[in-house]
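Chain lettering (A, B and C) follows the sequence in which the chains are written, and residue indices restart at 1 in each chain.
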Amino acid sequence: MDSLSEYFQSYLTALESYDVIGAFWVNIQLAFWAALGSAVLGTVLALMRISPVPSFRWAGATYVNIFRNTPLTIIMTFCILVMVFQLQINLSSDFNFNFFLWAIVGLSVYHAAFVCEAIRSGVNTVPLGQAEAARAIGLSFLPAARMIILPQAFRGAIAPLGNTLIALIKNTTVAAAASVIEAAGLMKTMIEFRPDVILAIFATFAAGFVILVIPVGLLTTWLSTKLAVTR
Amino acid sequence: MTTRQSVLFDAPGPKARSRITITNIVGILIFIAAAFFLLKTLNEKGQLAPELWSPFLTAEVWEFTILPGLINTFKAAAVAIVTSVVFGLLFGVGRLSSNATLRSLCGVIVEFLRAVPVLLMMIFFWLLFGQLQVGNPADIPFYAVVVALTLYNGSVIAELVRSGVFGLPKGQREAGMAIGMTRGQSLRNIELPQALVAMLPALVSQFVVILKDSALGYIISYAELLRSLQIYGSAGPILQALTVAAVLFIIINFTLSWVANWLSRFLSSRTSGKAEPLTTQPMAVKV
Amino acid sequence: MRKTRYGMAALAAGAALVLSACGGGSGSNGGGGEASGGGDTVRIGIKFDQPGLGFKNGNEYTGFDVDVAKYVAKELGYAEDKIEFVESPSANRENMLANKQVDMIFATYSITDERKKTVDFAGPYFVAGQDLLVRADDNSITGPDSLNGKNLCSVTGSTSAQRIKDEHAANVNLVERPSYAECVTAMQGGQIDAVTTDDIILAGLAAQPNNAGKYKVVGNPFSEENYGVGLPKGTDKCADINAAINKMIDDGAWEEALKKNTEGVDYTYNKELNPPKPGDACA
């Protein structure tokens, strides 16, 4: 019993000397902005992939094939090594904030490919008759997509979209490749300096992600049944 | 696909066709301008110098850097694929068990493992195995990569197994029961074999995820493709080395994705379940 | 029913694969462990990714650490073809010695009291100091105190950059990259003004053909790192290794190795502390 409370004490002191909440806050911010970014980019890509213009379809498909098949670490590294260090495209004049913004760009670019595929799978759940009806009342491609197809497609795509969001939250740990200090990096540092409480430290960080991810999963499941289009 | 698309819009007339041509030309121009800007800047910084790129075409770099790296990538991925499938089958069947305790225990473990980032697990096991001095220290990064990939992807596969069995028409099990099989017999002899065939394409998509995530091993110094090329690039051509790594990864994963699609077309006639590759991560939390 | 058979066969094949994979894994593991017991080869741990010190170039190994290791091994009675070089990343060095995975480590391994609790050190064979690498035409940076407002790069997990921010220049911008090569590439691009780590590592980087003439080591070291030869705790080899190091220094091979690996770089090692004079006993 004594050794247990001792272990707990040294775990608490380890926890006090590092800003765990602050590190998780970085992951949450990265996830939030990258979710917005990838949602916008992914929708545009999905539109391109079902559009009447062949070159748009080709460009959308090429984008998805390239970014879905590249490890995220490589994408993040290229954002920094090529975009910042070579092309010197700075999104912010603040030195460290610039890396944070590029991490968001890297995450958005990668997950947009998955968002695009999720929406496309949603489009496939919309019955053919809906598109035919839209055409019959004289809507052209963009209005038909905006008013008839996409609203139903989003509702049909909630499950895969939710899963992409969950993957995104977990993938924010790769932001270390873009020189952003976040939870995974902090965990490594903490364990290296406090190897005596390695299990407790891992449990803390794992629990942090479980707390972030499980509600999203539950919400997704609830939404996908509630908003499902009854056919 | 083509029928669906042709329903969304009219066959383009002469006016639309000319508009499409103009859009295409503008698009190509924008693309060329961006590519030109990229190449021009890289050239100004001296990153396009031929001596930085030509080593990657020599037999020496392939023999001592790229191929050993590829072998390590495939080794980690292959072992992790096998162990994940075993893990997935065990826990997937566990989640289908008629024993409520076993079912919920497997459920909690699978949901927990799917919520924790792979990288977090990799770093943890790497440091833990180092501390416990498991086996040969030089192999510890390999163990950490395989264990982390197995726990995460195994739990995803467990979910695939479960949803694969749920996705079968009810009649399959009822037919099994009707000829006097027990629940377990029907699961083993009728449902699982069909579910496995149905989930093959999704399984291959998951193998792409395993292969791609094995690249995270470079963060814990596992000498896979990315790390080998990074070591080679440490004398200077780092940008070039990483570009080669990216191209190789895209080729390998693209091929595997293509196999997944081909499998789904080939197999959909062989099962009453749904044979579809995963386009996104499978459902993370199911209640 | 036919399909079922296929399914079961696939399962069996999968199980066989697992078994063979496990078998293969433990086999190679056993092979790795026994080599250090063999009489006529020696396993030496070096860095693979530090050009100028320990670098794997194809199937060859180059650098100052490698040259010293080869010399010492020769003095201990191992011909060059009896040396097996093994990668020993910083995090693994103590473990690799404890597990008898390597016989000696020459990998920019600083002798510290903390490390002496778990491993023994022969040497030192070089005294390095933390320094800065800057563009050859940059005269505004003369030392750690002139870094305010500048962008400084170091590798992930290193504490050397943080030390500068804490003790010398509070307004320096820090960025961590996974390798020094990325830091140097960033400096070439113009986004980074200086890279920091031990002076000899910086000189080795700057000496690479692709970097020749572009960078200089500032030459104002502000710490003292005694590079030692890592040995398993309780070793009896310190005296022999130190004698070999002293011989290397005396016959000029040491100086020559340093020159060769930092050729073309504006760099001189710290003459007050070098060459070191290792005694008979372990450090």
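The rule is short, and it goes like this: contacts are C-beta pairs under 8 Å (C-beta built on N, C-alpha and C of every residue); 3 or more make two chains touch, one makes a residue touch a chain.
Here the structure is a predicted model, which means the values were calculated and not measured.
Among the chain pairings, A-B comes first (most C-beta pairs in contact). Taking the mean of all protein C-alpha atoms as the reference point, the chain centroid lying nearest to it belongs to B. Work out the mean CA point of subunit A and of subunit B, and you get 16 Å between them. Separating the centre of subunit B from that of subunit C, both taken as means of CA atoms, is a distance of 34 Å.
For subunit C, the set of residues that touch two or more other chains comprises 91, 178, 182, 185, 189.
Among the residues of subunit B, those in touch with two or more other chains are 45, 218-219, 238-239. Within subunit A, contacts with two or more other chains are made by residues 77, 81, 86, 88, 176-177, 188, 192. Looking at the complex, you find that subunit A touches subunit B at residues 50-56, 59, 65-66, 68-74, 77-78, 81-82, 86-88, 114, 117-118, 120-121, 123-124, 128, 131-132, 135, 140-141, 144-145, 149, 159-164, 166-167, 170-171, 173-174, 176-177, 183-184, 187-188, 191-192, 195, 198-199, 202, 205-206, 209-210, 213-214, 216-218, 220-221. If you check the complex, the residues on subunit B that touch subunit A are 3-5, 7-10, 12, 16, 20, 23-24, 27-28, 37-38, 41-42, 45, 47, 111-112, 115-120, 123-124, 127-128, 131, 208, 212-213, 215-216, 218-219, 226, 238-239, 242, 245-246, 249-250, 253-254, 257, 279-287. If you check the complex, the residues on subunit C that touch subunit B are 3-4, 6-8, 10-11, 14-15, 17-18, 21, 25, 28-29, 32-33, 48-51, 55-59, 86-87, 89, 91-92, 95-96, 98-99, 101, 178-182, 184-185, 188-189, 208-211.
Residues of subunit C touching subunit A in their complex: 91, 151, 156-157, 173, 175-178, 182, 185-186, 189-192.
Touching subunit C in their complex are the following residues of subunit A: 77, 80-81, 84-86, 88, 95-96, 99, 176-177, 179, 185, 188-189, 192.
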